[in-house]
Amino acid sequence: MKFLWMGGYYPFVWPSYAVTFVVIGLNIYWAKRLLVRARRAAHRRMEIQLEMQEEPT
Amino acid sequence: MTWTWFHRLASPPYLYRTAGRLIAWFAWPAAILIVAGLIGGLWLAPPDYQQGDAYRIIYVHAPSAWLSLMMYGVMGIAGGIGLIWRIKAAHALAASAAPIGASFALVTLVTGSLWGKPMWGTYWAWDPRLTSELFLLLLYLGYMGLRAAFEDLQRADRASAVLAVVGLVDVPIVHYSVVWWNSLHQGALVFIGRKAMPPSMLIPLMVMFLGFTLYSVAVLLMRLRAEVLNRERTARWVREEVGA
Amino acid sequence: MSEVSAWSAALPAAVPERRAAPSALAVARLMLERDLRLAFRKASQLIQPLAFFVIVTTLFPLAVTPSLPELRRIAPGVVWAAALLSSLLALEFLFRDDAQDGTLEQFALSGRALTGLLVAKTAAHWLLTGLPLALMAPIAGAALGVPQAAMPGILASVGLGTVTLSLIGAVGAALTMGLRRSGALLSLLTLPLVIPVLIFGARATQLAIKGESYSAPLLLLAALAVLATTLAPLAATAAVHINLE
């Protein structure tokens, strides 16, 4: 409890840490989402190409 | 000394795979260091004799500020390399660095004003460091806005690289002019960090700096992979990579 | 159309009838003459930044207070913020028209160093906005209760500061010249870069109003102008080439 109280500075210390770690997490999440989307887009393009190769004959 | 490693890094498939392999080597040490820094900073370090426990904000504030500067450096240098040697991978790196740097510039501003409230009695005082951090954030926003304004990727790369290089020259000038400006106008704003810290406070800070740096490299590599994949959509190696 | 005719109108006057290609300096002078001539044909473009400057400085007495002693206190900030915005206002069109009708591309292909032409265009921008602003600033200052002794200081600081503004602004204008609605983006790109000019310029003005020596901030402004003169044209050239590719 004394730890959470932070000598009375808890309204400033904890939000600071919260904001920082939210952004740390968000950066990881954004980067992962970007990669997943890029992979998916590449995959879709590959499928379309395969279809186009099969169909014309 | 050979430059082959440098040229190989410029090859997208090699870069993509190497980055993928490296991420874990940065991410795990970063996680361990940040947790250690948290324990050290929040628990083991004693309260400051002047600021009490409020000074503990420095363990997230200062490393965030460092990241925001470091990412600007990465952006400017990578942009310059991309411009001079026409290396696409360097442009991809610059593009990846900007959002990370901008987000940590924002964190620096928020934690700085949260720290300012108990120290100065107000969330925002025109402290030189916070003020120049604000301009850094605006420079990031300008860079990202310029990138987004172009439809042609190559043009976006090269134009934003020019801006990043100009910014790289200008950032120190802006910073020192703001410091100079502040030295004229202030009633003394006391800011921690100038006086020597005892090791029990300093070591967690150093650990945090290292942890944040490694973390940012890991995130940068993750973004870089996505960026490379997006740019190389039509290449054969991407098909192999995705199809497997 | 009028631009092409203006270009050809400028040609025979400055290039004597000889086959040898004119020197880079002569080309730059031609460019400067052409830009000035074009600007004087469209007088509204010439007057707009000045009128804008006057309007912004008038807003403050209306919004803050008409009392001269108080206005005198905020005068440096008012004059400088207004000068900064007015200088920005004209930037958007620095390269825009020439880029759209292909003139700039012709220049780039002409085999002449583009840098010289861009420096000439930037110089024209300063002559058309910076210099009039510098002449107008003491008048606006007088309306804000600034003593007469401070006028040379205001004139010098605005005149010197706008050199840097024009040069850095030219980089921003070159970067955004291909974009459709670039006004807000151009401000976002340029303003953070020119903060030092604002700081030193406002400081010089403040010292001049107080009747103290303002040579230190003025020298800093001069240093910035020198630095911008050496580096900004290179960046602007790179940016123009990128946008023409």
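Things to note:
Think of it as A, B and C in the order they're written, each chain with its own count starting at 1.
The criterion applied here is as follows: a residue touches a chain if its C-beta (ideal position, glycine included) is under 8 Å from a C-beta of that chain, and two chains touch if they have at least 3 such contacts.
What you are looking at is a predicted structure, and each value in this text was computed from that prediction instead of being measured.
For chain pairs B-C and A-B, the one joined by more C-beta pairs in contact is A-B.
Compare each chain's C-alpha centroid with the centroid of every protein C-alpha atom shown, and the nearest one belongs to B. Centre-to-centre separation of subunit A and subunit C, using mean CA positions: 43 Å.
For the pair subunit B and subunit C, the distance between mean C-alpha positions equals 33 Å. Centre-to-centre separation of subunit A and subunit B, using mean CA positions: 17 Å. Residue positions of subunit A touching 2 or more other chains: there are none.
The touching residues of subunit A, when paired with subunit B in their complex, are 3, 6-9, 12-13, 15-17, 19-21, 23-24, 26-28, 30-32, 34-35, 37-39, 41-43, 45-46, 49. Across the complex, subunit A is touched by residues 38, 42-43, 47, 52-54, 56-57, 60-61, 64, 99-100, 103-104, 106-107, 110-111, 114-115, 117-118, 215, 219, 222-223, 225-227, 229-230, 233-234, 238-239, 241-243 of subunit B. Within the complex, the subunit B residues that touch subunit C are 83, 135, 138-139, 141-142, 145-146, 149-150, 154-155, 158-159, 162-163, 165-167, 169-170, 173-174, 177-178, 180-181, 184. Within the complex, the subunit C residues that touch subunit B are 168, 171, 175-176, 178-179, 182, 185, 188-189, 191-193, 195-196, 199-200, 203, 220, 224, 227, 231-232, 235, 238-239, 242-243, 245.
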